[in-house]
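In what follows, chain A forms one complex with chain B and a second complex with chain C.
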Partner chain A sequence: MRARRLALWALLGLVLAAAAVVWAPNSSYSNQDRDLPLAGASVHHPAGTDALGRDRMVRVAAALLLGLAGAVAAAAATTLAAAAVGALSAFSPAALGAAGMMVCDVFLALPWLFLLMMVRSALPLTTSPGSSAAITFFVLAALGWPACARAVYRGAVNLKHAEWMLQARAGGLRPSQMLRHVMPNLMPLLVPQFLISIPAFIMAEANLGALGLGIGEPLPSWGGMLAELDSSAMLLQTRWVYLPIALLILVLLLVEAISVEARP
Partner chain B sequence: MRGATRLLQRLARTLLVVLLVVVGSTLLMRFAPGYLSDAREMDARYAGAARIELSAEAARSGTLWQLLSNEMHAWTKGSLGLSRQYDVPVLQLIGPRLAVTGSLMLRSIVLAWTLALCASLLSSAGRNPSMLWQAPAAVLLAVPTAAMATLSLLAGSGGPVLVMTLLLAARDFKFLDRTLRTAWRDPCLLQARAQGIPALRLVRAHILPGIRPQLLALATLSIVTALGALVPVEVIFNVPGVGQLAWNAAMNRDLPVLLAVTMIMAIAVTLAGMTSDRSIDWQAA
Partner chain C sequence: MNGDILLRVQLQAGYAGKQVLHDVRFELQRGEVLGLVGTSGAGKSTLVQSLLGLLPWRGGRVTGQVMLDGQNLLALSDRELRKLRGRQVALIPQSPMTALNAAISLQTHFNEAWKAHEKSGVAALARRLRTLLAEVQLPFDAEFLRRRPSQISVGQAQRVLIALALLHRPALIIADEPTSALDPVTQTQIVELLKSLNRLHGTTLLYISHDLVSVLQLSDRVAVLDAGTIVETLPVLDIGQARHPSTLALLKALPVPAEVLLSYRGRSAAESADHILSKCS
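Right, the complex of A and B next:
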């Protein structure tokens, strides 16, 4: 419990520090200092600049905020969709429930990375960076719900056969009233699913971005900055190119530490 | 008789899932907002009229029914469609690469299982989870596959098999450690240990047979995880496998190739899931 609280405070500190860097006066993730490409650490650029002369510190901070915000939003959407599909499948007639779970099976049979690549590559050629970020996290949310829905379905079926539920049904409780009582009982299942989804989505975005299929430039993203590591010329110039990966691992470890104790 | 009926039901369900995967992927691809746009439309060498004709041609051949029937026809013929990028049957592209990918996956999964099983047997022997084993697994799980592959390439040590093995071993270890810890807490095993029966004998004769269903489930999970790691690893290490082909197809909007690869992967996952479920049924019987 103490480790979880520590991790939560550390993550909050990181987010606040990143917000301070991004919203500081005169800082912009897309401003270019054309005289200083691939510069080392200095007073003006504490973590140096990238190949286009953009401040690396601001870009990493913006990527942290964008990645976390996108992953949290996608995880919330995934959990909501999973709760709706799982609970409705459990409490609807058997045939409808089986159909709902069949849809889950179809999604689970599809390897998510290949499906993500397929959807991302079929986007219009002129997608704006903002839209590409929104679409990336939307697609992650759209593909992430079935495993969670299966767990919710199993939990809801157990609740359906619980004694208090049988008594409530025998007493004439309507399905809408039943769902109102079921949802709070599913929370111990939904909260860990939500927390588990966050690092998974951050990692998925990083992998997609490193392959050139993630968030479009000039928006900064973990994946886009990991792709910088491909250039060995850049690595010889400055060691600050390793900052994004170090920070990404730290963020993922903190989120993992927060979620690990919430698991059933 | 009942077993045969259940097997047939499961087979029918698997076939239905595969069919739905084919139809669903085709629908998804067709209704993706940029499906009808062609990279040639951005080429300044094409005149305006030629560009209009290109998009009209794409719209004509892109009706949903036509797309589905073309897809089904290509699959029944065994060619898996025609690559837009290379203008050759997709099967010709995928065939030789399947062996490369299969070998990479098999070696990685076998190595990862050996590593994870040895580590979890040693780790679960202790009373409490030790940081010595847990910390490396947690760090490995926090590194995205692409980053791990890039770092391994930059360090000049290891290769695709090592990266996939580490990734899979970390995941397998986490699962196996928890399963073995629960198994060791069984009262009959506690008594057997108290009586002085060697731990190795207990593992061989009691624990491993007891956790067989979980091991089979983990085997399926390993395949799914390996498939997810395949693309970044093959792309970064320049391994000529199916993952690299899929990435290449995604970058060049070669959707027939991407669709065929996705469907082959989906069939592999479904069959792996069915095999492990079947083995659990046999064991239960």
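Right, the complex of A and C next:
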């Protein structure tokens, strides 16, 4: 419990520091300092610059915020969708519920990496960086819900046969009110699902970006910055090129530490 | 026995491929307490769910008639039936702890039960709760109502469920073995409470139990359910004239003769105890 609180504070500190860096006056993640590509630490660029002369500190900070915000939003969306599909399937007639779960199975069976490549290749090349970020996290959320929906369905089916459900029905509660009774019982299932999804989505975005399927330039992202590390010549230039990957691992560790105790 | 009939039941019920209730017929007069006794497996729970129209929900089916105030409940749509449940007919369940939702507070239980049939807001509910909780001898304070079901005793939980059943002043209350999960002291208190509520409001009560002792204390008439059929119905005071083997078997299982138990009817538990103690000394 203490480790969890510590991780929460550390992550909050990291986010605030990143926000301070990103929104500091004169800081820009896309401005190029053409005289200083791949520079080491200096007064103007505390963590050096990348191959295009952009400030690495600002880019890493922006990637941290974007990655975390996107992952949290996608996790929230996926958990909500899973709660809706799982609970509705459990409480509708058996045939409809089975159909709902069948849809989940189909989604689970999709070759998602291939699908993602298809979706990205179908998009016009002029897609703005902002929409590419939105699409990336939307696709992650769209692919993330079925496994969670199955878990919610199982939990809700157990609740359906609970004695208090019968009692609530005997009291004449409306169907919408039954939901008010059911939701608090599903929270112990939904909260861990939400928390576990966050690091999974951060990781997925980093992997997709490294493959060139993620968030488009010039928006900074974990994946985009990892992709820069693919040449050994780059790795020898300055030690600061390792900053993104070190920070990504730190963020993942913190998020995992926060979610670990909520695991079922 | 020609008073105002509140409930007239004549039904058969069962699950796929298995008939549980073959022929259940009984009547309840307004203000009466009918004790329905039967051994385990006689079909008591199936009967409760049939009467409330909840059996289809548990995968069973019912045929026949449940006439409440001249209206056949079995012919109503689910929507119409919902409006009657809790307002006209209420249920006091067998195991209080599992019948309350552990994830929400007592106040939320009352709020939701209130909103199911009443449009008037929180203030009206608070007024109702003030008298209601006093009747069932529970504290009317915010701290108590904020508690979760796991934070109260099993006896308090059963009082909460009785209060929930009484909330809309239903014409009929079905009590499904309301004391079987309780310790003997709490059992006595709950039976006393039901008795006083019946006297106070004239609430009609269908008291279902396998415990003939409490049935003899509480009921005006006794109906015996055996293997899915009501085999005998008679006034409690004429219990000595029972003929059916099932009734006789139940009577035989009593710790003391029925006449002795009946002689304590109408007294409170404390009075009865005093009476016995004075006889012993």
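Some observations on this one:
The rule is simple: the second predicted complex is superposed on the first by the 260 of 264 C-alpha atoms of A that agree within 3 Å, B and C clash if a C-alpha of one lies under 4 Å from a C-alpha of the other, contacts with A are read in each partner's own complex, and residues count from 1 in each chain.
The rule is simple: a contact is a pair of C-beta atoms (placed from the backbone, for glycine too) under 8 Å apart; a residue touches a chain by one contact, two chains touch by 3 or more.
The model shown is predicted, which means the values in this text are computed figures rather than measured ones.
Following the overlay on chain A, a side-by-side fit with no clash is recorded for the pair chain B and chain C. Of the two partner chains placed by the overlay, only chain B lies in contact with A:211; chain C stays clear of it. When both complexes are overlaid on chain A, the residue A:31 reaches neither chain B nor chain C.
Angle at the C-alpha centre of chain A formed with the centres of chain B and chain C, after superposition on chain A: 90°, rounded to the nearest 10. In the superposition on chain A, A:128 makes contact with neither chain B nor chain C. Of the two partner chains, chain B is the only one that A:230 touches; chain C does not reach it. Contacts of A:252 after superposition on the shared chain: chain B is touched, whereas chain C is not.
Legend: residue contacts after superposition of the two complexes on their common chain; A:42 is shown touching neither chain B nor chain C. Touched residues of chain A, counted separately for chain B and chain C, are more numerous for B. Of the two partner chains, neither chain B nor chain C is touched by A:158. Superposition on chain A leaves chain B and chain C with their closest Cα atoms 19 Å from each other. Residues 49, 52, 54, 57-58, 82-87, 90-91, 93, 95, 98-104, 108, 112-113, 115-117, 161, 164-165 of chain C are the ones touching chain A in the complex. Every residue of chain A that touches chain C in the complex is listed here, in rising order: 162-164, 166-174, 177, 180-181, 184-185, 187. The touching residues of chain B, counted against chain A in their complex, run 13, 16-18, 20-21, 24-25, 28-29, 32-35, 37, 39, 41-42, 138-139, 141-147, 150-151, 154, 224, 227-228, 230-232, 235-236, 246-247, 249-251, 253, 255, 258-259, 261-262, 265-266, 269-270, 273.
Those residues of chain A that touch chain B in the shared complex are 102, 105-106, 108-115, 117-125, 127, 199, 203, 206-207, 210-213, 222-223, 226, 229-230, 232, 235, 245, 248-249, 252-253, 256.
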